[in-house]
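Going in written order, the chains are labelled A, B, C and D, and every chain counts its residues from 1.
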Amino acid sequence: MKLTKEQAQEIKDQQSQASTTKRVNSPELEEILYEALPILDHGFIRVVDYMGNDTSIVQAARVSYGKGTKKVNTDSGLIKYLMRHWHSTPFEMCEIKYHIKLPIFIARQWIRHRTANVNEYSARYSILDKEFYLPKTENLAAQSQSNRQGRGDILEGDQAKKVLDLLKGDAERTYSNYEEMLNERYDGTIIDENKIGLARELARMNLTLNTYTQWYWKTDLLNLMNFLRLRADHHAQYEIRAYADVMLDTLKKWVPTTYEAFMDYRVGGTEVSAKGKSIIQKLIKGDDISMEDSGLSKREWNELMEAFDLKSKLI
Amino acid sequence: MKLTKEQAQEIKDQQSQASTTKRVNSPELEEILYEALPILDHGFIRVVDYMGNDTSIVQAARVSYGKGTKKVNTDSGLIKYLMRHWHSTPFEMCEIKYHIKLPIFIARQWIRHRTANVNEYSARYSILDKEFYLPKTENLAAQSQSNRQGRGDILEGDQAKKVLDLLKGDAERTYSNYEEMLNERYDGTIIDENKIGLARELARMNLTLNTYTQWYWKTDLLNLMNFLRLRADHHAQYEIRAYADVMLDTLKKWVPTTYEAFMDYRVGGTEVSAKGKSIIQKLIKGDDISMEDSGLSKREWNELMEAFDLKSKLI
Amino acid sequence: MKLTKEQAQEIKDQQSQASTTKRVNSPELEEILYEALPILDHGFIRVVDYMGNDTSIVQAARVSYGKGTKKVNTDSGLIKYLMRHWHSTPFEMCEIKYHIKLPIFIARQWIRHRTANVNEYSARYSILDKEFYLPKTENLAAQSQSNRQGRGDILEGDQAKKVLDLLKGDAERTYSNYEEMLNERYDGTIIDENKIGLARELARMNLTLNTYTQWYWKTDLLNLMNFLRLRADHHAQYEIRAYADVMLDTLKKWVPTTYEAFMDYRVGGTEVSAKGKSIIQKLIKGDDISMEDSGLSKREWNELMEAFDLKSKLI
Amino acid sequence: MKLTKEQAQEIKDQQSQASTTKRVNSPELEEILYEALPILDHGFIRVVDYMGNDTSIVQAARVSYGKGTKKVNTDSGLIKYLMRHWHSTPFEMCEIKYHIKLPIFIARQWIRHRTANVNEYSARYSILDKEFYLPKTENLAAQSQSNRQGRGDILEGDQAKKVLDLLKGDAERTYSNYEEMLNERYDGTIIDENKIGLARELARMNLTLNTYTQWYWKTDLLNLMNFLRLRADHHAQYEIRAYADVMLDTLKKWVPTTYEAFMDYRVGGTEVSAKGKSIIQKLIKGDDISMEDSGLSKREWNELMEAFDLKSKLI
């Protein structure tokens, strides 16, 4: 990741501003506020604002339950209780805003999380930066044979090199033709003073999906956790997981108690169906039960055994 | 409005907490942070947290439009432009959280604004306070004869007194029977040690709709303005308008530039239909045009004339 | 439940209308379309419109996954897969609309599900019906001693009678005073020709929370299931569960395959935390593990044991 | 637009299915149900399902306002009233579902309308079709000099040809390299049996933004109108307007009365600020008022004059 001089200056300015506030704050998050945390080859995530901390959740819950929460006498106990029982609204009382630079094909996955506020850089108004994502060799995976949306083995050296050459060559050529159509370079230089350029809103269609875009993305804590549960999961595409992993760190700095409950109940937890429950019960009793008797499909059986790490039962 | 000793202490504690932050802030809003602003007879509004200020809107817009916003060289000019052209997303970048005490029948109107986060005091868990709304005599209006949802003249002295007696008597009696069913007073005293009380989730159904409830209500600036446009309007019920008016003041302290644009383009503005436009054009040209020729219904004609303060044209 | 003559006629008219459509339909749901299914003493639920059926979910999923779904060769297998893996968007492709009559205190719980469209009867415009909910004696439960939001034992005969008398007396008196203030009976009769009535938007505040209201409520299948998972659960208040149970029946008639997957994976299923998983693994291995060693609180331990029906482990 | 044999057959099958329903229907919309309405060079819109019609809006409104709506004695009058006064919820009672094929850069604009349900073809699972948008020569506009997001003059012949050559060449080359990386052609043929292909989720990043994608898009009538107001407007990019224009036709067939009110109050209407209102009042009185005295900026002044077609006042 390389910041422009202007960006680096803007971050420095933001980090040196200090004011006194009566609002609750989050000291560890303040430490990294505005900082550009690098992701992939040109991407980053910056926390640019936040509202509330762990105590805000507790406070909202105590307003809801009134004297009814007296019994739960620690904040941490209350947050764990809320998480376990899916009491979602107190977690909506905290808000966070990120500035994110990411490849367009990842932005397209990301935007499907609708409960967030977004301001994206507009290629109708302005020229996109000349930056595109090229995977590292170790991330150039083949299509999985067993899983339609997954990755399989890493490509061999020659084939990997070929893929990278194609990606790089096409991104550079299409970008260069984008400038040609605009009659303007990415730095604002006019190419041919005697020509007028194609409208930006049209020229952008020539760019490839690994071109970087950027946006401000603001959401509440509940929806952030919904996002992270799906996107920090091993089923998620590696490239979006790279963002989610860094965001997990910011979550930990922001609301450490909530983070712990989230890791225990959501990320590390599992769901068991009605049929699955009765199988687990039999296994605990020591009953012999096979996939054939279980009423589950082979796939579902294996998912259940994997969830409880019963490798010998996999078929 | 009377605060309990605990509430007064909590506010004092919150107001005396101070920390340093790198976040942007809003000095005028900090002044009144946590303060209980009285509304109606027992209600209040407290701003308990916020995120962002006028510059956050500008910053988000400049990310979106990139170099494209260079021409608009003042922040105030840009905010006015965004407001005028309904560029809504930059206004979503600011967030505010209120603690509100309000009568249940008003809470029922309020909650219809769905794009907000809410934690309400739960009468399943805890006993509601013994407080109910009684209108001032000057607000005891008769049903409007012309407008199905409006108010007409103020009731005469005798009838007004009668209404207040009924409201007060019924609220007190139903609350007292609520305690009776719970076998517990609002202050926690058990009424009859030999009896068990009815479940709270059931007993509450005996309360009248003017009983006060309270909640934390959090929303972004765009949705706050949508709320205020409808609820600070003269068509809104007086009781909810009382809240909206105080919130308008908090809006002004929080984001003064946005407030100004909001008052000009939304609150003070009007909408004109296609047919209405052609009538206004004729009036400007000095053409004589009557309701009959306009294609408008009498009602719509009058609404148009009132919007432009053309009293002589009312029919 | 008693329908007015007008309502009964309207239902008859709606049920006799028939048209030919190219849209997919749901024959079992058509059977009960518009019918008023009675709930509590005066409430009802009517399915008044719907869009899509099980095949709509499959169709949307196949558009998303393209040729990638070829392997899952049955519709039922695909729907189960989607449910198990929380692929939520295909379930959003179906929509249903209910007409519901329910007590106000239940409406207040219900409306917290924000992702739905609602048109409620407005007591600003019109007079509410003279109908209020009175629980059956077997539902008059005491406050639970162990659970702040639950119910305990059923009240004894005398106390139950007393409670019912209070509820009935207060509802009738407050309604009668509501009419008095309005200077109008519920059937439209003016009480005193020489007086004008209080505005409806004010008079309504005198009504108790068990007064019935009604609304049209429209939501998509995904959000309907989210609603039912919470509200058909045994933690939900009995009165809202009564509605959810009837809605579960309509779900079954509408999308039978989805209903089955929903009952298996959501309603009958359970969630296990990371800590819980490792305890279950030990139990399967035959290891002796006690609450003290588990890292769980007593409450959490018991919840886990109950989820897997391990009664002997309860402490 | 060219449909595959399978698509054409699917449409034929869907159009020949007929069932009897008690639901309200919309005869004109039934006529074109499932039909692929061509847009741009390869795109289309198909209405694939709907719920409700004009009468559903009226019915919901009459439930809300109860006897209060008796006075408005025609359905058309009531719908106009609701539209004029922004009574939004009754319009949410109707729902429509489209199947849409569109270029990715347009899909990216479209998806910003968050209040809709979407199932998009997934390039993680399946290979995208070999189809990309190439503008017609008459749509190849230069960047506007006055408006950062607009289009100016049409490009001259030579330059236009050059742009089209670049767009076509780059799209074809990147698509061909996409196949190369996948080791698979768009029709499923394996290119080299001895090689494994790159994961689809990675290879797709090489495609250009004018590649076509497709999705199911479902929304309620209110949000459809919000979409159309913005996207059928002359400020919208031509390519998305092409879709919005066809959707306007489907709106007309679906809910003709609502369509008429929408065109009058929303599409053909305008908004006037507080300052604007006072200027219009002066103009009606025959007062001489200039931009300088108006308190408006030049831009805002011109927008106001244009809204009322006062060309002589433009400066």
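Remarks
Throughout what follows, a residue touches a chain if its C-beta (ideal position, glycine included) is under 8 Å from a C-beta of that chain, and two chains touch if they have at least 3 such contacts.
Being a predicted model, the structure only gives us computed values, none of them experimental.
Counting hops only between chains that touch, chain A reaches chain C in a minimum of 1.
By the document's definition of touch, common neighbours of chain A and chain B comprise C, D. Between B-C and B-D, more contacting C-beta pairs join the chains of B-C. Note: centroid distance chain B to chain C, computed from Cα atoms, is 29 Å. Note: centroid distance chain C to chain D, computed from Cα atoms, is 35 Å.
Between the CA-based centres of chain B and chain D the separation comes to 34 Å, rounded to the whole angstrom. Multi-chain contact residues, meaning those touching two or more other chains, occur in chain A at positions 65, 68, 89, 112, 118, 122, 125-126, 148-149. Per the touch definition, chain B reaches chain C in the complex via residues 103-105, 108, 111-112, 114-115, 118, 122, 124-126, 133, 135, 139-144, 148-153, 155, 159, 163, 166-167, 170-171, 173-174, 177, 180-182, 195-202, 204-210, 237.
Across the complex, chain B meets chain D through its residues 65, 68, 71, 77, 80, 84, 89, 112, 148-149, 230, 263-265, 267-277, 280-281, 283-284, 286, 297, 300, 303, 307-310.
Listing the residues of chain D that touch chain C in their complex gives 14-15, 17-25, 30, 33-34, 49-52, 56, 59-61, 63-69, 89-90, 92-93, 95, 97, 99, 117-122, 125-127, 188, 214-216, 218, 220.
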